[in-house]
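What follows is a pair of complexes built around chain A, which joins chain B in one and chain C in the other.
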Partner chain A sequence: MKKGWMGTTAVLLTASLLAAGCGSKGNEEKPSASANGSQGASPSASASGSAKTEENVNLVWYTIGTPPKDLKKVNDAVNDYIKDKIHATVEMKLLDWGDYSQKMQIIIASGEPYDIAFTSSWANDYFGNAKKGAFYELDGLLEKEGKGAKEALNPAFLEGTKVNGHNYGLPTNKELPQQRVFRFNKTLVDKYKLDLSQVKTIQDLEPLLKTVKENEPGLNPIPGKIAEFLPFDLPINDLPFIGVPLDTKEYKLINVWDTPEAMSYLETVHKYYQAGYFPKDVATQTDAGDYFKTGKWLVDVADAQPYADNLWSNDAGYGVVSVPMQDPITFNWSVAGSLQAINAKSKHPEKAMEFLNLLYTDANLVNLIDFGIEGVHYKKTGEQSKDAIPDSGYGFPAFTTGNMMLTYLNTNDPADKWEKFKEFNDSATSAPLLGFQADTSSITTEIANLKNAKDSTYNALFSGTIDPKDNLPKVNKKLKDSGLDKVMAELQKQIDAWRASK
Partner chain B sequence: MNPTAKRTKLRDIHRLPFGWNALLHLIAGGFALSCLFPFALAIVISFTDENTLALNGYSIFPEKWSMFAYDYIFRTGDQLLHSYLVTLSVTAIGTLLTVALTALYAYALSRKAFKYRKGFTFLAFFTMLFGGGLVPSYIIVAQMLHLKDTIWALILPMALNAFNIVILRTFFQTMIPDAIVESGKIDGAGEYKILFRLVLPLALPGLATIALFSTLGFWNDWFNALLYIDSNRMVPLQAMLMRIESSMQFIIQNSSILNSGESREMLASLPQETSRMAMVVLATGPIVLAYPFFQRYFVEGLTIGAVKD
Partner chain C sequence: MRTFFRDLNKNKAFLTMVLPGAIWFIVFCYLPMPGALLAFKQYRFDQGGFFAALLHGEWTGFKNFEFLFRAEDAYIITRNTVLYNLVFIFLGLALSVSMAIILFNLTQKRWAKFYQTAMFLPYFLSWVIVSYFAFSFLSVDKGILNHILAWFGAEPIQWYADKTYWPFILVFMSMWKSVGYSSVIYLAAISGIDKSYYEAAMIDGASKWQQTTRITVPLIKPMMIILTILAIGGIFRADFGLFFQIPRDSGLLFPVTNVIDTYVYRSMKVLGDFGLASAAGFYQSVVGFVLVIGANWFVKKVNEEQALF
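Let's look at the complex of A and B:
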């Protein structure tokens, strides 16, 4: 028996050796990890005349988005451009939307070497990873290598993404606050001469919906689920029933779904559902906006940014107008909508920051990464404008990285678009809980239970399918049974401590 | 089936009464239809005009047909071609490797004369009960063996499976009498000759079963690609479809959190509905055609162990 084990070990060792041999063979062609980076140093080494010769490093950059066909081509162009500037090359690795979080989780857990990664409140959780220590603390770097980035950003961005008082990610310079709007199909608005000036809340929609439904019986004026707007700030986004009022003074958490505001909102939605303003199957719909193509809708809800109406009209091919429900407000999650972070174990955090800094200060680089190579992937149509060449094989989600205010506009965008963005950002007020991050480690079970309790009725309730009069109290009872009070007490404690420390 | 046959005196005793026969056929037929229908619908959608689809929803008889989706895929998509090549080579190499490794391992375990047989059996059996978990396997494949973005990352993790070993070992033990091995020895054959000339030819149905399992396994695998493949050139078919699907799901789920400007940008990077269906059709087609070919061996492999003399 003893001998048997030795034989086993021998075989295993041989097998792993063989496999390793095969693996490295297949790997030779590509520059894989950062270990290979130093090879390309020679051409630019002479450029740096400083005392210690800088060696070229290769930064591995994971970011989100569907990998385009010409990624390699653009990546090479990026490297040609930055090689002399910061003596580094970057290896862009785009992971698809749906895979990103899972893959990054494994990459971080397994300690795989990388330098820069996309993170946010909705993918590759920023706050969680920062607390775990997965990201490099940027405070020092922001004063030196990242100076340009810091200057380009509205201070609220860095303030709002602090975790325990430190920055772990560099937010994209884009719209900062959230502003929820009603979005209207202008064709129908003009046809029935609807008066939008009176619209502010969901209750105000009724006469408009009625007119359209009477005249166009085959059409659902509200084509799908709409995102609710209740004037509360939520410490945990997944639990939309725990919040403080937006105009709070005493920062006391309440059950949002137990307020008259919520009841009146739900009653209105339910009334609309019964009147046939929603599609019958709205609660189970998984449509990602097909109605936009067909034009068979009157109103829905969206989040706006300056000149959003133009964007939407372009997409739809007909006029789309919007009416705000609220003033722009900066929430935790809207600040952390998109960041780039540096790996805590990165060997070259300074280089990584130098590269990120370029993304905020160098318009050529940002446009190259966002839109591709001029003449191949886009055509310039003016000093600051461009048109994409359709099906040219490159696309990159611009909002995930760098300074959007440096990017070219589309030909039909108004020239002052980025100025309007700055104004929009400056006009924002802060939500009461901006900067507060809940520590959920002691209440994970309760939170999971609450989430389950929420998920079972949320869609039916907020799509108006079921009557809130009977069902809302039932839901609230269920939440209470699932540990709502304990979670609220714990969060309240944390919020009080957070306020005291400010 | 023939109505006149029902009246003949010489009735086949296996024949069911007409009513039962019809009912059972109906049930089986209905079930088969419900299995085929989704695929038929996918084919029809892939040939539907995109705007018609948005206006009328899914329909088995669309108002307007269109070849646009296929046109689009063949125009823009050398991705599909790449993925085909990857999947085909992974399946071919993987299946050969699996059969070879499994057969060698299982044969050794099936021979009573093999001294360390218990130890090796336990070693294989142990992995059926306990696995290392996701992160350790990832560390081994990606960081110790450096298989990331290579075809071996798709093949080696699945190449040897304890379940297959146990099946094949049992097959060898029950189907190949010791007498055959002994007869070979008496005639002066060495171990290799016995294995390749006597045992393997007799074990063909068993090997075919393993081959079928692993072909389907390799063809349908997307999880290894999710973990180990970043480069577009190495993405296999199923992983490509899975990516599109999960990205769709993700964007729909998050569309309320994300600013509309952003989810717009995401949606724009995904293929349209009809193109997605066309990809499904192109990706599933070949394996559907390959199945009947294997099925013959499959049935044989399953039944051959059933009756013993």
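Let's look at the complex of A and C:
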């Protein structure tokens, strides 16, 4: 009796599975064929593309940001504008900051159709997705449909975002290098007449911290975790103990945490922690609270761009000044701060590239997408400047897309802002590993172990909570036990091969 | 075939009742089953959709499982997962059964309802919220516990940096959150016991304690066995929220808070590899399956009537 039931159910289940399997197999032929066609024999692909120009192509574009109320209105305006230019329309889909990575991961993994998507080193992981084949290879498109974008970008952008020698995303034209700075609360700096001209490294902060701590006992001069700056370039950002010195000649990987630089840095932060310059629970702080609003802080660490002090002061409502710790350096992850990529399975990669290209060459379009409709969402106050209309119902993170140098300035921005950005980008030196992408497929086990080993101590060490003298050797031993040597040897091999191929 | 339809007709009321649950299981548990293949494959996106990637992905054998066993911490995470779960299962069983019996024996039914609701409430809170409750007690400079310690003139304790206390904190938090829920299940079972047993016992002069040990516990024993066997199936699955949120991801506590699930989560954050993640899930499920079968076999040996299947 029972057996009969089970048998029937099993048959039903198997049948449904087979049906699902067959269905997908049928579908899968098409996209791969079209992808091959357009990559291998581009004339035929573009011919079929031009034959279709009469029927309008609709591009689905996922990008990051809080969906504004008037998105539909602006989207319609965008479509009116581009319809005649590229014979395509675009459907803008904004996913909120916190959800973006996760939702995109599902969209990509499940094969949901889309054409363009935002990607970066910090959300919707660019390098990982590109390596796994999620994005369309842009090399060919950049020579044709994307020519304008290529010309607008500093070459280091495309060089630094290559994966296995190919481009899979189009970087936003914005600041290129990283420049880590100490950021100071100017109110306190003025009050105690602190001398910032002597500050360059973390060690130099001591007298300033001391003065403030003595005079303002209720205040933690460093309000939260600070990002370290050690002069090394890291092949895998999540494993900050494997690196080459920034001034390297031989590109030899070393254990960064086993260097005098790291020890000296950690001893300094430990000294600061014991002196009470950090909050007591800094190691487990999930966020440092809104110290910008309360003004209860002296110094923290941030990454700068030209005129960043203005930006921060506007944010805080009082003066914020910064002192650089380093000259601007272009790292892999700073180059990949913001890109737009085309879906590997997109049916219209050429159209998608035409649209992206407009974002780098057509000031009207970029300003429309970034700021909304003139007179509704912003007022023009000059040839190149505008003011946002408060609560107008539209906002878009401009840094996520296109050519920022084409966008209007805010009325109180210095007129030479974009000039300064270009200078900043040109002044940057390249990090030694710029353009190198590690292939982790043969060392996944070791990387998983190392990542756990790192997590178990990183926050405690780099917040100064534990003494590096006793603990750092222990940590280094644990890293060794977790396969550090094997990972370093494998990465070294890859770096040597990469250099030889250049 | 005819007997099949006759059965169908005879049991249609029960079958209709079971239908929603059955559909849920088919859709969310049986249909995704082929996805377990991912554990043995190298997963890539660009092969025309999920199923194609599943079918045509390169076979890698047991390579995806390696990271779980070759891990430097493999021993620690497995030990933590299993020991914590054993404590949760058996301490939870003892506490929730005793709580159910106490609630059942309360004469003031209004108060019993109140306690029951109050204890049930934590079950609905997310671990993220609970972690902030815990933080308000355990924070180094603002926490209630350190203020109490200071009041007695004791040194404040770095709760999130000192691993000695955490096995107790975690067990306490887990019990606080789950006992209310499971005691309601036992309370329902106790309420279903025929009152005449107790009346007969009272006439014979049995004390409350004797009634409990001789009537209540034996009669809810099948329920206890079923729930325990099912819980043992999850012994390799740790409550991620508990082990990740409550210690605030503090690295110094890893020796006592790192479990298989948090380990996998941390590794996947760098690697983002579906194959490895599936391998970890598959491994946990297989071990759970074996343990359920084993536990059932053991119960069957002792008392055939009370085995689950």
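In this text, the second predicted complex is superposed on the first by the 447 of 502 C-alpha atoms of A that agree within 3 Å, B and C clash if a C-alpha of one lies under 4 Å from a C-alpha of the other, contacts with A are read in each partner's own complex, and residues count from 1 in each chain.
Going forward, a residue touches a chain if its C-beta (ideal position, glycine included) is under 8 Å from a C-beta of that chain, and two chains touch if they have at least 3 such contacts.
Owing to the predicted nature of the structure, the values given are computational and were not obtained by experimental measurement.
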Touching partner for A:Thr294 - first (chain B), second (chain C), both, neither: first
Which of chain B and chain C A:Asn154 touches, first, second, both or neither: neither
Touching partner for A:Asn173 - first (chain B), second (chain C), both, neither: neither
Partner chain(s) touched by A:Asp281 [first = chain B, second = chain C, both, neither]: second
Partner chain(s) touched by A:Asn459 [first = chain B, second = chain C, both, neither]: second
Which of chain B and chain C A:Thr63 touches, first, second, both or neither: neither
Which of chain B and chain C A:Ala109 touches, first, second, both or neither: both
Which superposed partner A:Gly98 touches (first chain B, second chain C, both, neither): first
Which superposed partner A:Asn357 touches (first chain B, second chain C, both, neither): neither
Chain B/chain C common contact set on chain A: 1, 4-5, 8, 16, 20, 24, 27, 30, 32, 109-111, 286
Touching residues (chain side chain B, partner chain A) in the complex: 51, 54-55, 75-76, 78-79, 115-116, 118-120, 123, 134-135, 138-139, 142-152, 156, 226-227, 230-232, 243, 245-252, 254-262, 264-270
Touch list for chain A against partner chain C, complex: 1, 4-5, 8, 13, 16-17, 20-21, 24-25, 27-32, 35, 105, 108-111, 125, 128-129, 132-134, 236, 238-239, 279-281, 283-284, 286, 344-345, 440-441, 444-445, 447-449, 451-453, 455-460, 465-466, 478, 481-483
Residue ranges of chain C touching chain A (in the complex, touch as defined): 3-4, 7, 26, 30-31, 34, 42-52, 55, 66-67, 70-73, 139-141, 158, 160-161, 248-252, 254, 258, 263, 266-267, 269-274, 276
Residues on chain A engaged by chain B in the complex (per definition of touch): 1, 3-5, 7-8, 16, 19-20, 22-24, 26-27, 30, 32, 65-69, 71, 93, 95-99, 102-103, 106, 109-112, 121-123, 175, 178, 227, 237, 286, 288-290, 293-294, 296, 302-305, 308, 311-312, 315, 333-334, 337-338, 391, 393, 395, 397-399
